[in-house]
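Would you mind keeping the following structure in view while I ask a few things?
In order of appearance the chains are A, B, C, D and E, and numbering begins at 1 in each one.
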Amino acid sequence: MYVKRYYSFWMTIRWSKYSLIYGVLYSSVIIILYEITKIPFSLPWEPISVIGIAVAFFLGFKNNSSYDRTWEARKIWGAIVNDSRIFATGILSFPNSDLPFESKRKIVHRHLAWVLALKHTMRREKTWEHNLPVHKLQFIPRFIKEYSDGMNVEIEKYLSQEELENLKNLSNIPSQLLKNQSNEIGLLNKQQFISDHKLVRLHEIVGDLYANQGMSERIKNFPFPRQYASTGLWITYIFCGLIPFGLLDIFAESSALHYWLTIPFSAIIIWTFFVVDRIGDYSENPFEGGYNDVPISSISRAIEIDLLEMLEEENIPAPYEIENGFLM
Amino acid sequence: MYVKRYYSFWMTIRWSKYSLIYGVLYSSVIIILYEITKIPFSLPWEPISVIGIAVAFFLGFKNNSSYDRTWEARKIWGAIVNDSRIFATGILSFPNSDLPFESKRKIVHRHLAWVLALKHTMRREKTWEHNLPVHKLQFIPRFIKEYSDGMNVEIEKYLSQEELENLKNLSNIPSQLLKNQSNEIGLLNKQQFISDHKLVRLHEIVGDLYANQGMSERIKNFPFPRQYASTGLWITYIFCGLIPFGLLDIFAESSALHYWLTIPFSAIIIWTFFVVDRIGDYSENPFEGGYNDVPISSISRAIEIDLLEMLEEENIPAPYEIENGFLM
Amino acid sequence: MYVKRYYSFWMTIRWSKYSLIYGVLYSSVIIILYEITKIPFSLPWEPISVIGIAVAFFLGFKNNSSYDRTWEARKIWGAIVNDSRIFATGILSFPNSDLPFESKRKIVHRHLAWVLALKHTMRREKTWEHNLPVHKLQFIPRFIKEYSDGMNVEIEKYLSQEELENLKNLSNIPSQLLKNQSNEIGLLNKQQFISDHKLVRLHEIVGDLYANQGMSERIKNFPFPRQYASTGLWITYIFCGLIPFGLLDIFAESSALHYWLTIPFSAIIIWTFFVVDRIGDYSENPFEGGYNDVPISSISRAIEIDLLEMLEEENIPAPYEIENGFLM
Amino acid sequence: MYVKRYYSFWMTIRWSKYSLIYGVLYSSVIIILYEITKIPFSLPWEPISVIGIAVAFFLGFKNNSSYDRTWEARKIWGAIVNDSRIFATGILSFPNSDLPFESKRKIVHRHLAWVLALKHTMRREKTWEHNLPVHKLQFIPRFIKEYSDGMNVEIEKYLSQEELENLKNLSNIPSQLLKNQSNEIGLLNKQQFISDHKLVRLHEIVGDLYANQGMSERIKNFPFPRQYASTGLWITYIFCGLIPFGLLDIFAESSALHYWLTIPFSAIIIWTFFVVDRIGDYSENPFEGGYNDVPISSISRAIEIDLLEMLEEENIPAPYEIENGFLM
Amino acid sequence: MYVKRYYSFWMTIRWSKYSLIYGVLYSSVIIILYEITKIPFSLPWEPISVIGIAVAFFLGFKNNSSYDRTWEARKIWGAIVNDSRIFATGILSFPNSDLPFESKRKIVHRHLAWVLALKHTMRREKTWEHNLPVHKLQFIPRFIKEYSDGMNVEIEKYLSQEELENLKNLSNIPSQLLKNQSNEIGLLNKQQFISDHKLVRLHEIVGDLYANQGMSERIKNFPFPRQYASTGLWITYIFCGLIPFGLLDIFAESSALHYWLTIPFSAIIIWTFFVVDRIGDYSENPFEGGYNDVPISSISRAIEIDLLEMLEEENIPAPYEIENGFLM
């Protein structure tokens, strides 16, 4: 995500340059045709403005939904932070005094492996996402490295070699990691390190973690319905396609205003509507590995720091840094 | 659901062709009558545009509600994923060591039967749904087969013959399957394989599954209120019915613009409003067995894979594949 | 609720005929006065259209809120379905083997009495509801009978004569029925048929049932705030009252359009706005015993069927049938 | 709250008379100045209508938020009803048989004291509320009496003299009453009348009551942010201030329409926008002791009746009556 | 937050003076250029008004979201109030009689340290916030002092010197304080002052406190997405940049209206739209240490008072006072 106060005007223009360029080209073609043929193919503006209002409604709805998806994604990863802390304090304070500290440490480490595994699962490509090649994310070189290195580099420091090996052939690694947690807690109960009551409480927290994982997967795997996205796009095209005809009508009628003004003015209106459409489009998928993603790398790192400090470990990794205004 | 980035323009046109065709025909009739009779039956545009804004509001409300229904449906099935995992880990890790593994396996299998039975119940026809004959879903042949084969083929591999037989005469099979789970867990408690504390936790998870089932049934059995849907449709008809009269007024007044332009321009506006209306209409019922359904077949399959891997079984079914851009 | 795809156009017209008739009469009076007096009392359209947009906003807000009330009502009764199933499975599977089945059956039956008592409480008349005399609901004769027969006929089959007698003088029968459940469960605990742990779980479910009842009562007893409803109505009246003056201005100015067209055109716009207002008004109170009610009779019946099947009883009542497109 | 179907037109006018009077006066001043000076200080209508649309959006947002505050307040007091019933059934059915009934009764009575104390706390004046002097609420004389009598008269019948005395110097009486409940339940546990399991369940319900109290205090103590309320008011003033200038432009241009019509027409538009603004303003604070309050007096009374009937007491107070269409 | 009924008109103007000044300057430049060059560079108003409507939609969405952030922040701190009371009553009433009161007092005091530490953490500067230098908050001198004194002054009275020392090098002090609570409760359980059942309940409350902390951190650390904020700003600039051209078109055409009126009228419209934009911008970050913040200082103080009264302590601090209409 971007963390400065505003994207600069030039960043905005650069990001949306195609809308502007095509807007200029398209209106130019129409005006040149009009200049050449002298056929008065303009259209009245009033009905076009009614389409414009309908489009504005639809884009409002689309932006709202996209924002809700991003915000829900952030809420879910906020809940992952909370439940990670809750799980760790439970593991640290519940068992009998005779359980060796190393056993607790192992469970907390496996939890960190789960967090990092989930982070990487969230970044797999989906057919409806923008899927910008990761090496093009030039402003965030450290993210490129993390992404290219992949899941194993990050989780292997928190898991035994054997457990890592067993996970390899399974479909959903985070889901099976939580199953391992549940089994280990069940074993602590059978070995009488924790009572039934404490077991059930820990299983409830594992349940909350499953819920968080599932909700994050839901946002990832279920796009903003493509029928709505497509309709929004096509009616925006239609509205923008009609704009130069409508403006031509107004400019051509007026003696004072020259009809060549249709070109820049059309381009501005087209750009305004497209930038409002695109802003939703680029915020729809909060885990697609792009600049506007929910910053799950830095969130995961914050969880690592917090839990390792609870374990009073020595080598605490540093927090993620902002790169060129972006925090991933 | 459709999983490509956008429905192509031609798919959109094909899907909404009737709005376009009727729009052209209707405005043609009016213009031809005008041409023949020369009666100036046009209407002023300004009041029509106020109706247009009211219609845009209403359609915005309708689309919002339809989207919420789809999104809630997806949330519910996401919760079914989560609670299935939680239930399975509870069954696997709670009981005493002397409970044979086969007993645990039987309960997890019955759970998969519940998931699949619920999936099929969700696809029964309702009087307010589109009820497209299933064989017409030409792009998704595998779905046609699954639908035609019906519930029994899928659940019989996870249930004993006897239990299957007992279920046959009951009204709500998923509901009675969960009752069987509850009874079996109660029996494990009476046989002292699980303590009261663990029993209550498992009964709470069964309660969550009941809640998920009930919420899914609620979306299925309670339509977007027909009084709202009908009002939306009728006022859209009225607005679209007035459009050619209003455009005729504008075109006929202007010397430059020829009134025959009323036909294509009316058709475009009519199409725009109807496509916005229809998109909500086709997203209202997320389980009607159509192209825009929430993909409960692939979700159910993902649950099967996850839980069978937890049981460390051999024959894991393959995930659902995307067919021609659709995932069901 | 209506369960067909759309209310037919004529049903819609008949339901909203007063708006149409008064619209025609009112504009006719104005045009006739204009014709007689020749005073140019028209008003400019542009400011009227700004009022129109403000009214459209307000009606949008009102319809949204009405819909939310209906939808929340349906959610609550969906939760009643779920919690009924959860309660029944708890009662059936928790107690020791030495509790006679008849005791469990009695509790489940009392639960059904609670459901049916709550249904009838929901249908008492409120000063802000439409309070159409029930015998006028001509399309749903079976509902008329159920309504006229009243609560006792339905609940007496599920309660002992003594308990029924004791309830008679109490203010809130469903609330006291749940107190009886709570006391009976407390007694089972004191008699050691269920442990403290199971008792608490069952009391939690009773708590959920109390919450459902209370939420249903909240929707019933707290109307859409009358200050909002009244404001919506008065500004719609003002807007519609101004319409013929504004249209007269437009029609009278134009040479081609005859000002008598003001009458039908005014009537259409008035009707459109009123029908949008009325649709919210008729969906505001989801339990008023009207055609658009949330179908709590059929929901209650579905609970009866489900729970009686769990008890493996013989005489299972039939599901509610759709009468002339309505399910109550 | 008002419980009739609609506020009559004259009640609405009387309530909003200042908007109407000032609207008439203001536009008259402008028209008279115009008449005297003959300076054409009119302004074009189109840009004013864009401001009007922006204002309509803002008022829509404000009304939505006000309504949400009222509705949330009602939900919270609905939850107080539910949790009161749940708490009472727990107190009545959990303890061992040897706990004297009088002890249970004392706890339930203290709960009623909490409900009534909270009700009175909710009605303290806040700097942002309307703070109409209570004796001016002429339509609801019984409410005036209850308000003037104050908290002590109502809670002293449910508390021992000693407890009442101890509470006097504390800042938040309802909060300390719940602490007393928690301590008393803790004592029952130490005296072995209730097990740990039951204690924890009762403490959870006390926790829910604390949550309800805190949420009610939140609505009371945190106004609709004054920066939004102020912005809404100022831009409505600006828009309304411009209206007569814009209408003058239209009326003065037209030969048929006389510019004196600006006065009544301006007044109508100004009144429409102000009444939409005021309706939100008067629904913002649901506990300010005004006509549109959430009816917490009658809700509290209903709780008293329900719980006293559960205790099978003799002297049950009567429900609140509707006074002149208002239920408080 | 501001607690008077309305910001005065002059406070509003002063706060938004730049929008007004730049609006006047910008339109003056354009009119002077027009006066000098006589080039008719005006633009038609109708298309500009369509942009205006789109901008109004976008600002509506932005204001809604900002308000939701503020309101959620208030809800979270309301939940902190509730859970603080619940935690304290649990600590006071659960342990065996032989636990010295001093031990309970220590835990409640540590809880107050957590509240105050969280308050100070919430006020650290973020790159996207306004970051007004704190000494400029001239109306609230006591807040300036509290802010400058920092966290340690406030928390050291509630923590032992040793614990305070240990916290110093940790990244997230509130998070580690809750870990200390969890460990201490675990110790009470190992020392048999509280049963497993009570331990689990207290750990659940600690979990709720973690959730509150995490949600508060989420609001603080995740801004309203900058891509939306930036788009909103740029399209408002574009719309406002076009306004004088559009008004010039209207004024220049009319004989009666002089085109110099473009300047004040443009300024008013520009100011209206910018003030609507800015009001959202200033409510986006509810913890930035500004005038419109959620009042977490007074909320924290109320918690201190409530809990110290529960401990029956002598030196209860006074509630926060309103300074010049602001409560922080």
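Going forward, a residue touches a chain if its C-beta (ideal position, glycine included) is under 8 Å from a C-beta of that chain, and two chains touch if they have at least 3 such contacts.
Everything numeric here is computed off the predicted structure, so don't read it as measured data.
Steps from subunit B to subunit D, minimised over paths through touching chains, total 2. Fitting subunit A to subunit E on Cα positions gives a rotation angle of 70°, stated in steps of 5. Spacing of subunit C relative to subunit D, judged by their CA centroids, is 24 angstrom. Centre-to-centre spacing of subunit C and subunit E amounts to 40 Å, using the average Cα coordinate of each chain. Shown for subunit B are the residues that touch two or more other chains, namely 46, 49, 53, 57, 60, 197, 200. Chain contacts here close into one cycle, and each chain has exactly two touching partners. Subunit D makes touch with subunit C in their complex at residues 1-7, 9, 12, 45-46, 49, 52-53, 56-57, 59-60, 63-64, 67, 70, 74-75, 78-79, 81-82, 85-86, 88-90, 92-94, 96-97, 195, 197-198, 200-201, 205, 243, 246-247, 250-251, 254, 256-257, 261, 265, 268-269, 272-273, 275-276, 279, 282-283, 292, 294, 302, 305-306, 309-310, 316, 319, 322.
Residue ranges of subunit E in contact with subunit A, taken from their complex: 40, 42-44, 46-47, 49-51, 53-54, 57-58, 60-61, 65, 126-128, 170-172, 175-176, 178-179, 182-183, 185-187, 190, 196-197, 199-200, 203-204, 206-207, 210-211, 213-215, 217-218, 222-223, 225-231, 233-235, 238, 242, 249, 252.
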